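Next up: some structures, all given as structure tokens.
In what comes next, chain A is part of two complexes: it sits with chain B in the first one and with chain C in the second one.
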Partner chain A sequence: MANRTDVVDQSVAGASLSLGIRISRFGHRYARFIFPAPALLIVALIIVYPVFYTGWMSLQEWFASSLTPPKFIAVANYQKILAGDPRVRDAFFRTLYFTLIAVSAETALGVAMALLFNREFWGRGLVRTLSILPMMATPTAISLVFVMMYHPTLGVMNYLVGLVGLSPFKWTYSSKTALYAIALVDVWEWTPLIMLIALAGLAALPKEPYESALIDGASALQCFWYITLPLLRPTLIVAILFRSIDALKTFDIIFVMTQGGPSNASETINILLFNQAFSYFNMGYASSMAVALFAIVMGACLILMKVRRVGW
Partner chain B sequence: MSAKLLNSRLRTVGFYALVIIVMLPTVFVFYWMITLSLKPQVEAAGYPPSFFRFSITFKGYVEVFSKHPFLLYTWNSFVVATGCTLLGLIVGLPAAYSIAHWRQAGLAVVVLAARIIPGISYLIPWYILFRNLKMVDTYQALILTHLVVGLPIIIWVMIGFFEDIPPELRDAALIDGCSYYGAFLRVAVPLVKPGIVATSILSFIFSWNNFLFSVILAGRNTRTLPIAVFNMIGYEEINWGPLAAAATLITLPVILLTLIIQRHIVSGLTFGAVKG
Partner chain C sequence: MKQTKRNGIGTRGVTRREVFRLGAVGAASMAFGPFVVTPARAQAFNWQRFRGKELYCIFYKHPWIDEMVKFFPEFEDLTGMKVKYEVLPEVQGRQKLTVEMTAGSGGVDAWHASMHVEKRRFWKSGWFQPLNKFLEDKTLTAPDFDWADMTAGAVAAVTQPDKTISGIPTFVDPFVLFYRKDLYQQKGWRPPRTLAELEDQAQKLHNPPGMYGFVARGLKNANATPWAYVIYAFGGEYLTRDGKSAIGTPAWVKSMEWYAGMLRRFAPPGVVNFNWYECSSAFMQGQVGIYYDGVNFANQFEDPSKSKIAGKVGYAALPSGPAGHFAPTFTNAMAVSAQSRNKEAAYLLIQWATTKQMCVRELLAGVGVGRVSPWGHPEVKAKPKMPADWYTAYLESLKIGRAGLPEIVDVTQYRDIIGVGIQKAIEGAKAADVIAQTHKEFQELLDKTEK
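Here is the complex of A and B:
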């Protein structure tokens, strides 16, 4: 790198410094700042600015529908979130619960599927291709299909459930089952991601531990529990990390299928904050929820990163 | 001996039966979406549902286009997704190149942060900003905001591709008198063309699928497909033919694009943490 600069300096040493050369020298010297500059500008405009604005707005009381300007109320919004508003508290725990059930189901199913598919067989490529489709298909469209499938009297899901001998559910139409019905859609969409990540992890495992375990007479279950799972753990943590971040942020499928209902049964913090902001235009309060949601997502990240380092 | 052979045959059959059972839910949802879109109303909402024997009609598709300005929505989605991808490439490629070659880890973390921060927390400032600028319901506002999903994926995936370029190639270009800009445009970019195709498609799909940002910032003139379909749910009630037809029409381009770049999807979704 240093040599390179010297070459340029020597070549222009004799010449009088015309503007063009000055610009090109400047461009050369500061290339490492100029290359990322446009992207940083965009990031500053659409990410950094909104983040700080949200933080500042979370300390205000402001209804965007009224003409009164924002009023500074310090941490009153946060006090309300933490102590005063049971609806927010319920929504927070619902968000965590939704994430927990969806991601655990996806992890368990995903790992099981990966173990099944972890061999050479005819049609492996097809299985891979099919697995990718649910993650990429437009969530709004998928939610719409599930809305039709979940219809209590005309939907195919109750027919299928009846075939297995269970009595029909009301799926997203009952406050008892709505959150689980939505989690099922999330599981349908994202189990393949965990499966594919686990499959990549399995392919990279060393053979030796299994050979020696086989000699020692370990059972398949013991091999899985004492060899595969610990070796797979770093990969799985990455998968769980990505899924947890996204599950905490789930918005589309809930909003399209139930909009938080029936009777708030599927109202996660995302839905509540969206409605506070864009139905009631309660911008300050909604902003403080956004900050709190961000804190939860960051917390989940940190916990999982820590788990990655510490042994079981 | 033959008992052993029979046993292995049975195991193979059992294995494939298991594979089919495991993949059935994935296939069934898409199958159901497509068949619902082709069934006449009586059969689409008939009970018990017909799985294989049904009459085929394209009435649902006709209705989607005749009762709703579906072509406009498709065009809007296309303009926004293409604009987001092009702008994302123009600013994202140099940034990815820079991060890869000068090892700017700090910048990479900034980009990763965009993946972690909940999208919904940008929404309030954007809404206020674009409302004040009278830019709600414009392509510009949608394209800019969709960059939040497009740009990080472009930068992050492209870092990997730029890192795979042998350093000797870049140094050779520099020694031959190329500036950094020449080395980037004439040497690096042509070498990562496959990566550019893959990331473009990923960014296009993410913008195409985006619901959250468009639901607030799109209006009557710029409404994109996901918003249009969401609005149709209330409008069509249980007239399932057009609903399923609309869902199929949105999903179809995504599926075709996904098939082209399927090798890159897992690494794209995990920001390169896992090589698919």
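Here is the complex of A and C:
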């Protein structure tokens, strides 16, 4: 060590420092910047750069042409989103509506299933495992299966509906029912997630409140309403927010089943922005929608974090 | 020490420069090799000229492509090139292609272009390699290729306003009428000659749930192609002479009443979301009496492993309407990417795919072609894959053919606009309201994209 310092000193004295030593010195001094640099660079390239590029693109008008460059139009795209475009407005409220119906059905069913599976009964482990299988399947594959099941004349759903004495539906083949039919697929797939989270919450609940309530003569329903539900609420809120964020972004099942149709009746923000970008090549406008969607999902995330901190 | 180091760097520098020089010479000789080193080779056409090159193509799923790729090993033997390709459904394929082209990756050498959708947009974006020079170049185009053998309609469909040729036509797909020959014979009918007759026959055949009178595409965007037939039959136009929307006319309203009405009254439930796939499935299941669509979808009807009605299908040119007798046509073509690094090699591929021999093979497989001579080829006449009325319907339709979609930049968005309108009308909206809305949106689209 001392020897090396000597060498360094000598070369300093000898006017010019050799390159290798300079590099190693630089390395020693700035190690804390150099070591994380590759990771930072990758994050910058694949996350930060696209986010800022999308933001920049959202201020342009560009139809994905190699001959005409993007044209800067400032916030005109955002003005159009907020004021001028009924298709965006419809898609926005449709996205919220879809999230509302899907997530509320999932929550109600998920909690009911969790309560059921929280009881001891023979074969519980097996049924519990089977019931979370939908979550494991690929959304695209599921959607393709549902497309066939929903077929008004050849599909099995109308047969099943007929068995319980109802007249056939048109499912995804009518603008009146398409959104609900898609929400049903979402419910089928994601109810188990709420069930799992609620089940974990139930397992952690204390026994004492129930015992004292039982002594006081509370009914099962009262126990659920006044004890289980309030105690479960923090867990449930997190589960609901997780699902809501996912439901807001739903793309695959809608794209595969209806591509947003019929008559745009199942077109959510995500589908619309995909169409704008990759069917109409309206890159600037699509980018501005992506930024808007990002803001909405970000808002939901902030609420989630706030809720977790407050504890509710 | 200093001395050694400088020497070291010096030596390395020289080596590098030498390598560069060698590389440059090598590259030049490779690039100009065919012309400079062996001038004799440059004189004559030679399939082997680009031996060793590898091409990458994107194709949209279509019977033509299914047939062509079977013969790729033959092309690879002939030229010594390798072909890699992907076959994707049309919409997804075009999206992938657009992303590649926008990124300017140069990775795609050739693709099977749908001229009725891509013609203007891709040309304006500079993605088509103009083929005029290649076609004139005797060292690149085989002497027996015979460009003059292409039908006039096909050539018009691949020629841009600046006279550049954007692709070599593979087929011109007219829409034709498919009907249940067996049922028609029972009733002693002939195929409909007018729209009114068609409607009347559909009504009489209609007997749900076993038999639906009529089906055509209802799905947004996909429905814009059969729709073209109806507006032509009623005398509608897409654009005025000065390039404005010509949609808001009584002809369009009448067309909408007819088309949406036919589907509402006589088609299987859920038709509003039917693409050609659902339509032809219902037809092949024997659930539908009359159907019309692209002529090249028909070869599956005659396949007994897929179709319950093989041998029972009649083919005819579409009936005439109040404003005349037209068949909408849609032209596809093999195109070379302007970004390709192997443009000339890719040109050899698209040339091979559209030779007379390949077109004969396609016809033998029951897929129509954009050349004239293969239709009269003795082999095609000797063992026709399709019934005789399919060939007559095809050729008759080409005679009354008319480009099916407006030649504008954003054809896809036009198709979505009218597509949603048709869906709304099928579900009961008033035709006049739907057309008024479509007219407005189409004009807004033109204002935005046709500047």
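Everything that follows uses one rule, which is that the second predicted complex is superposed on the first by the 257 of 312 C-alpha atoms of A that agree within 3 Å, B and C clash if a C-alpha of one lies under 4 Å from a C-alpha of the other, contacts with A are read in each partner's own complex, and residues count from 1 in each chain.
Quick note on the criterion: a contact is a pair of C-beta atoms (placed from the backbone, for glycine too) under 8 Å apart; a residue touches a chain by one contact, two chains touch by 3 or more.
All values derive from a computational prediction rather than experimental measurement.
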Which of chain B and chain C A:K249 touches, first, second, both or neither: first
Contacts of A:T153 with chain B and chain C, given as first, second, both or neither: both
Which of chain B and chain C A:S167 touches, first, second, both or neither: neither
Touched partner set for A:S219, first chain B, second chain C, both or neither: neither
A:L293 touches, of chain B and chain C: first, second, both or neither? first
Touching partner for A:P262 - first (chain B), second (chain C), both, neither: second
First, second, both or neither for A:F63, with chain B first and chain C second: second
Which superposed partner A:S175 touches (first chain B, second chain C, both, neither): second
Chain A positions touched by chain B in one structure and by chain C in the second: 64, 151, 153-154, 278, 283
Parts of chain B lying in touch with chain A, wherever the complex brings them together: 15-16, 18-19, 22-23, 25-27, 29-30, 32-33, 36, 45-49, 87, 90-92, 94-95, 97-99, 102, 104, 107, 110-111, 113-129, 144-145, 147-148, 151, 155, 174-175, 179-181, 184, 205, 208-209, 211-212, 215-216, 225-226, 229-230, 233, 238, 240, 243-244, 246-248, 250-251, 254-255, 258-259, 262, 265-266, 269-271, 273-276
Parts of chain A lying in touch with chain B, wherever the complex brings them together: 4, 24, 27-28, 31-32, 35-36, 38-43, 45-47, 49-51, 53-54, 57, 64, 113, 116-117, 121, 123, 127-142, 144-149, 151, 153-154, 156, 159, 188, 192-193, 196-197, 200-201, 235, 238-239, 242, 245, 248-249, 251-252, 255-256, 270, 273-274, 277-278, 283, 286-287, 290-291, 293-294, 297-298, 301
Of all residues in chain A, those that touch chain C in their complex: 63-68, 151-154, 168, 170-176, 258-264, 275, 278-281, 283
Chain C to chain A touching residues, read off their complex: 91, 95, 98-99, 101-102, 104, 121, 124-127, 209, 218-220, 268-273, 278, 281-282, 285, 287, 339, 409-410, 412-413, 416, 420, 423-424, 427, 449
